[in-house]
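Two complexes, one shared chain (chain A), two partners (chain B, chain C).
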Partner chain A sequence: MSSSTHTSTISSGSLPSRRNTELLMLIFAVAIPIFAYINVGLAKEGTVPAGVFGYAAGLGCLAAVAHLVVRKFAPYADPLMLPLATLLNGMGLVLMWRLDLEPSLGSTKAAPTQLMWSTLGLALFVAVLVFLKDHRVLQRYTYISMMVALVLLIMPIVPGIGHSVYGARIWIQIPGVGTLQPGEFAKIVIAIFFAGYLMVKRDALALASRRFMGLYLPRGRDLGPILVIWAMSLMILVFETDLGTSLLFFGLFVIMLYVATERTSWIVFGLTLAIVGAVVVGSFEPHVHSRVEDWLDPMKTVRETGNADQPAQAMWAFGSGGVLGSGLGQGFSRLIGFAAKSDYIFATIGEELGLAGSMAIILVYGLLVQRGIRTALAARDPFGKLLAVGLAGALGLQVFVVIGGVTGLIPLTGQALPFIAQGGSSVIANWALVAILLRISDTARRPAPAPAPSPDAEMTQVVRTS
Partner chain B sequence: MNKPLRRVAIFCGLLVMALLVRVNWVQFVQADELRTDDKNRRVSIERYSQPRGNIIVDGKPITGSTKTTDSDFEYKRTYTDGPMWSPVTGYASQAFGANQLEKLNDGILTGTDDRLFFNRTIDMLTGKDQQGGDVVTSLDAKAQKAAFEGLGNRKGAVVALDPSTGAIKALASTPSYDPSEFSGNSEKDSERWTKLNKDKDKPMLNRALKESYPPGSTFKVVTSAAALESGKIDDINAKTNSPDPFKLPLSSDTLGNDGNHPCENASLKVALQWSCNTVYANLSNQIGNEEMRNYAAKFGFNDAEVDTPVRAAESLYPEMDKPQNAMGGIGQASVTATPLQMAMVASSVANDGKLMKPYMVEELRAPNLNVVEQADPEEYGEPMSEDHARDLQDMMENVVSAGTGTNARIPGMTVGGKTGTAQHGENNKLNPYAWFISYAKDSDGKKVAVAVVIESDQAANRDDISGGGLAAPIAKSVMQAVLGK
Partner chain C sequence: MSELTLTVMRLGFLAVLWLFVIVAVQVIRSDLFGTRVTQRAGRAQPRQAPQQAAQQAPQRDRGRRASRGAPTKLVITEGSLTGTTVSLQGQTITLGRAHDSTIVLDDDYASSRHARIYPDQSGRWIVEDLGSTNGTYLDRTRLTTPQPLAPGTPIRIGKTVIELRK
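Then we have the complex of A and B:
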């Protein structure tokens, strides 16, 4: 905390609210998906799509409401996060609609549902900003958060409500509503728990240590929590066969632990545990093992059986897109099959928008994460710092495992690409995540309240008035 | 807490950087390899997204394209008179790939060939779809029709060449198949493909180029050339020292002749006229295996790369022991030849000893009709001198006018030929192959050379199977078709 004065852009003095910057950016963030929408219509049907006004009005209204709420309830919040999230969500809707036009992907239309989820997500965004006046309130719920996180993570393996889709048990079935991915919400709740827990324990974890080979090793009893978290993430991996959540969960903890304690040894220790866990499970658990095999050689199945599976199809989609892409609506990412709208949506971006488009989307995510970490730097309280870096880190890790998985950089994990991939849980949870980050940044940048008027001053005034 | 926060920020930056590097790797460095991967369905979708260029005979396309609705491939191939032309075109199927001309000229036909780069660029700038070019063949529709109809229901093949250029005029194979039947991607196409491939009559086999048969007595033309070239015979009318029957060297077996002809000590001309086995086995024995191989090779035997541009099967005159080599001189033992090979033999005789390289693509044309590539007739070699070629013409014309090949006579034309009836199977139990190779010249000096082979069916009377009886009439009608009489 000693270096907080170096965050030069943030000071306790009066700052411009930058809401007008946000509005301008928001106009771009709405215009780009609208042009993309028209582009798809022109490419697929040769005409400007009939739904363009409805789509433009819908997206415009959502963005306008979000903007007005931020203006009213979080006037000093970061000006870029809302436009970035809106852009991603808008592009996600366009891609849903574009893939809906492929009959081979089934007759279920994803775009209307996704629009509904986006609306719900924005409603939650508004609710968070309106009702959460100060993020420090969340600190009170540290241990409740832990319980909620545990329940959310365990739910998918409970018989009856747990629901396995293509080998990963990360879903729960809610009768009448559909399926839900509790892991998406767990991400936020866990960040709250870690922030609260580490804020209290950080001194113990940071100071009590022994020096060994140039590293400060934590005491045995302080190893407890990290080992528990490690064991839990391994259990998620083994019982829910969900590499993504497990990685996210553990990575989040290591990052937050490092930020709280400022001790590099925790990173070394965490990485070691992660590697040991990953190697062991990757070698013995069949579902994860097959993912690793696919990663090492995506074309193996093609060569051996002649049938192309999804990793190979995704690689071809990226390669066929090349530098400039085929143009929206003109690619063949439908060849990927059933997961084209969810896990593999980034392949459609790669093929139709090309290297240029995929780099742009990655950079948009990068910017969003960067704004989150900047919020953490600016925050004045340790809880806010930890929570902000936790949420931003979770977002960053998730984007990395998803895009890294689809492009073959790391084994595929089956997480949703935030804001873009099909799936209600992801959209709703990520809007809430952005709302919390906005709340923290608003608190951080808000001018300090004017000092209470002193009796002397009042006197003077009285005299002057009389 | 800000120091670790900055490090976390750098870490997240590294993650983003890793992703950027990875997408650059996949979409830029590896892009071409992935985009053009055979298994990448986009390659096929692209290939069938516009009408394919055509294969042209006598100025008319023998192929076409039609829109389909049963798959994501927009156009599929159609063929006019598919069974007649399939030995030339091959097939181009959405499900099963392509072969022969369809495959070898795929770049021109789909428009992706490098030589069409300029056209493509113009099309791209003017917003037109990519177009395919055409493949113009050297074939002669009338000759092809005569060949195909002449073969009829029998199994066999016909090849006709222009001896002066090597241009292929007819290339027929029966039984045949219609490549239209499986050019699509549906269940029906798939059933048809499986059925054709399982058919024991092998309709998908291009017998004219890809099947090699024992050439039988037609090979005696090659042995004659070897005898003349090696100097074993100076005068085709002089008596030879040939016992009848001929005792095979290093063996107690003897070889006789069919029919009652004056074969003992017969001159080369008489020996060819009556197809005397004894004379030719004796000659081959005198010339020896190594020399026989050399002379045969000059006609194209033992060459694995006879490309028309469709590659023909290799015709063989292998290394053999003495008795085998003697039998090789009459086109038996392990000697095999494709119909194309035997047409090349006839053509070199007709062309005064010069053998032209056979070809069937006259030109490749860009969509705007510009010629991309023009055939340039090449000499394959000179298997015999001009004098010896004239001797052989004398001998082969004698066969048609007064010997075993009288069925091929055409009024007003000079015709030379040689019949063959090749034994095969263990102890020659299977029905023999009927061969006829010939050439014709009209008064203007226009020439054609033909080879016909017919695999007999089981029902045929064994005695009827003779090159002169079955194959010569087909050769005659093909020669007439080419020379326009």
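Then we have the complex of A and C:
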């Protein structure tokens, strides 16, 4: 039986827990935003800002707590995810504070609120790591997650709790607390549903198909779920006029379907359906239609009225930033107007850090997504694999949708740049997302227990050698 | 603040940001070089050193490239495991009721080490009966010697039917 030894598995070597690497990277990740904070202070006011010690202590404390919790509750988790998320969140806080210094953007200060939301987000991060001992528990709640996701998505349409801001109905009003974007949380919950559902159905979806013109066409009854999700995301698009969320949901489903079945035809299908849906809704729904118009010709209002609106201002911001940027605190992103802290925050990065800085930030997102996909590769159970791919995919899609929208690659949508843009729901949900990824990666990288001695194997050996 | 200081800080910040990215990439280098290929065999094999594993990897790749257009997976079309696929990567596939088989058959008519499917030097896949009690059938004939296996030909073991697919 010597030739049967070619059967091989690839595992990471004797894995060190790498918590010390994480600590070093975390210190680095806290130091960069502090540098940025001092830089903004020097550029805007000519002195090192007085709040720098408070800011450093606050961010440092949050990072330290997160690190200690990971050390205690997920000792084998990936060493990079926490530092990457901390860096992005820290940069987001600095940019909030930097835009707060512009009087023309209004007197409401976004940075303290954002710091509070970040703290809440980290609290949820800690809670997920402490209470979710094994991600496979989530598998039991496959269909409950589906219901929860549907409820979360429908909530903004319900009159009374739904709340419309600048034409998009994606907020709900909670009396006394403020507004919340349920779509951000639905993103995580729906990934759990897709992972649980596809794990059960993937063989039927992958194998039962007819070949037609080089594509594997799935059977009608297997097409059902994808059509339901498609219809659902279109409903979101029509009733909430939220292109971003519907793109996110549909894209997430197609990614996970592709990973589960290894069938390219699903991607072709998904893209066709998404394009058809987007074109139809884009030409009939006025709010979405105006976004598409802005995207096709951002300079139209400049030519007609002489005043530039947001898409044009964002383009100019990227242009004036050039390769190396104007330096933190020295740009003119206040001209973008009211959405400078939320939808258009990437334009500020583009102007003040230039192409070099934007690329670095995009790479940091890319690394975070890569760690998620790497976790999926290392995970031993199919549910964990699918869930990790789904969560990483959701994060990546969201970054693509936002940055693509701001830079003019696709029509702008009302999504928040994860960790950086202003918005409590987004920061909280994304910290929870990172916590679940860390939990899966901890389970995946944990050294496997020695296999139980099998009584069968020994008997077989005796027979073989005789 | 002087222009010079601000310029230095601006470039310094970009440098630090990129340094972070580069250090982060260094940290994940272990994904590529810190892995070990372990051999799962019927009997406990001494674990291979990483260097050896690294030498083996390209060889396996070459073998896979040479056989383009060859079958890529083994599909179970009948029996309790219907729908299971095993991708073929130049490794031997063992079938039987033993726990360490590649495909563990839960079938009353299968022996614990029933059959194996392996590539020969030219990359053809060969099916061999391992002295099973109830026999392995290639299409309709019972196997007595190792036989080359064409894609789409059913192999029957008890109630389980297996095919090579492209």
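The rule we apply is simple: the second predicted complex is superposed on the first by the 436 of 466 C-alpha atoms of A that agree within 3 Å, B and C clash if a C-alpha of one lies under 4 Å from a C-alpha of the other, contacts with A are read in each partner's own complex, and residues count from 1 in each chain.
To be clear about the criterion, contacts are C-beta pairs under 8 Å (C-beta built on N, C-alpha and C of every residue); 3 or more make two chains touch, one makes a residue touch a chain.
Nothing here was measured: the structure is a model prediction, and the numbers come from that model.
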Chain B versus chain C as contact partner of A:S290, first or second or both or neither: neither
Partner chain(s) touched by A:T179 [first = chain B, second = chain C, both, neither]: neither
First, second, both or neither for A:T113, with chain B first and chain C second: neither
Partner chain(s) touched by A:L363 [first = chain B, second = chain C, both, neither]: both
Touched partner set for A:F28, first chain B, second chain C, both or neither: second
First (chain B), second (chain C), both or neither touched by A:G354: both
First (chain B), second (chain C), both or neither touched by A:G322: first
Chain C-contacting residues of chain A that also contact chain B: 1, 3-4, 6-7, 354, 363, 370, 374
In the complex, chain B residues that touch chain A: 1-9, 11-13, 15-16, 18-20, 22-24, 26-28, 30-35, 37, 39-42, 45, 72
Residues of chain C touching chain A in the complex: 1, 5-7, 9-14, 16-18, 20-21, 23-25, 27-28, 30-31, 34-43, 45, 50, 75, 83-85, 90-94, 98-100, 102, 112-113, 116, 118
Of all residues in chain A, those that touch chain B in their complex: 1, 3-4, 6-7, 104, 255, 258-260, 262, 299, 302, 306, 308, 312, 315-316, 318-323, 332, 335, 350, 354-355, 358-359, 362-363, 365-366, 369-370, 373-374, 376-377, 382, 385-386, 389, 392-393, 396-397, 399-400, 403-404, 407-409
Of all residues in chain A, those that touch chain C in their complex: 1, 3-13, 15, 18, 21, 25, 28-29, 31-32, 35-36, 39, 42-43, 46, 79-80, 83-84, 87, 203-204, 206-207, 324-328, 330, 353-354, 356-357, 360-361, 363-364, 367, 370-371, 374, 454, 456-457, 460-461, 464
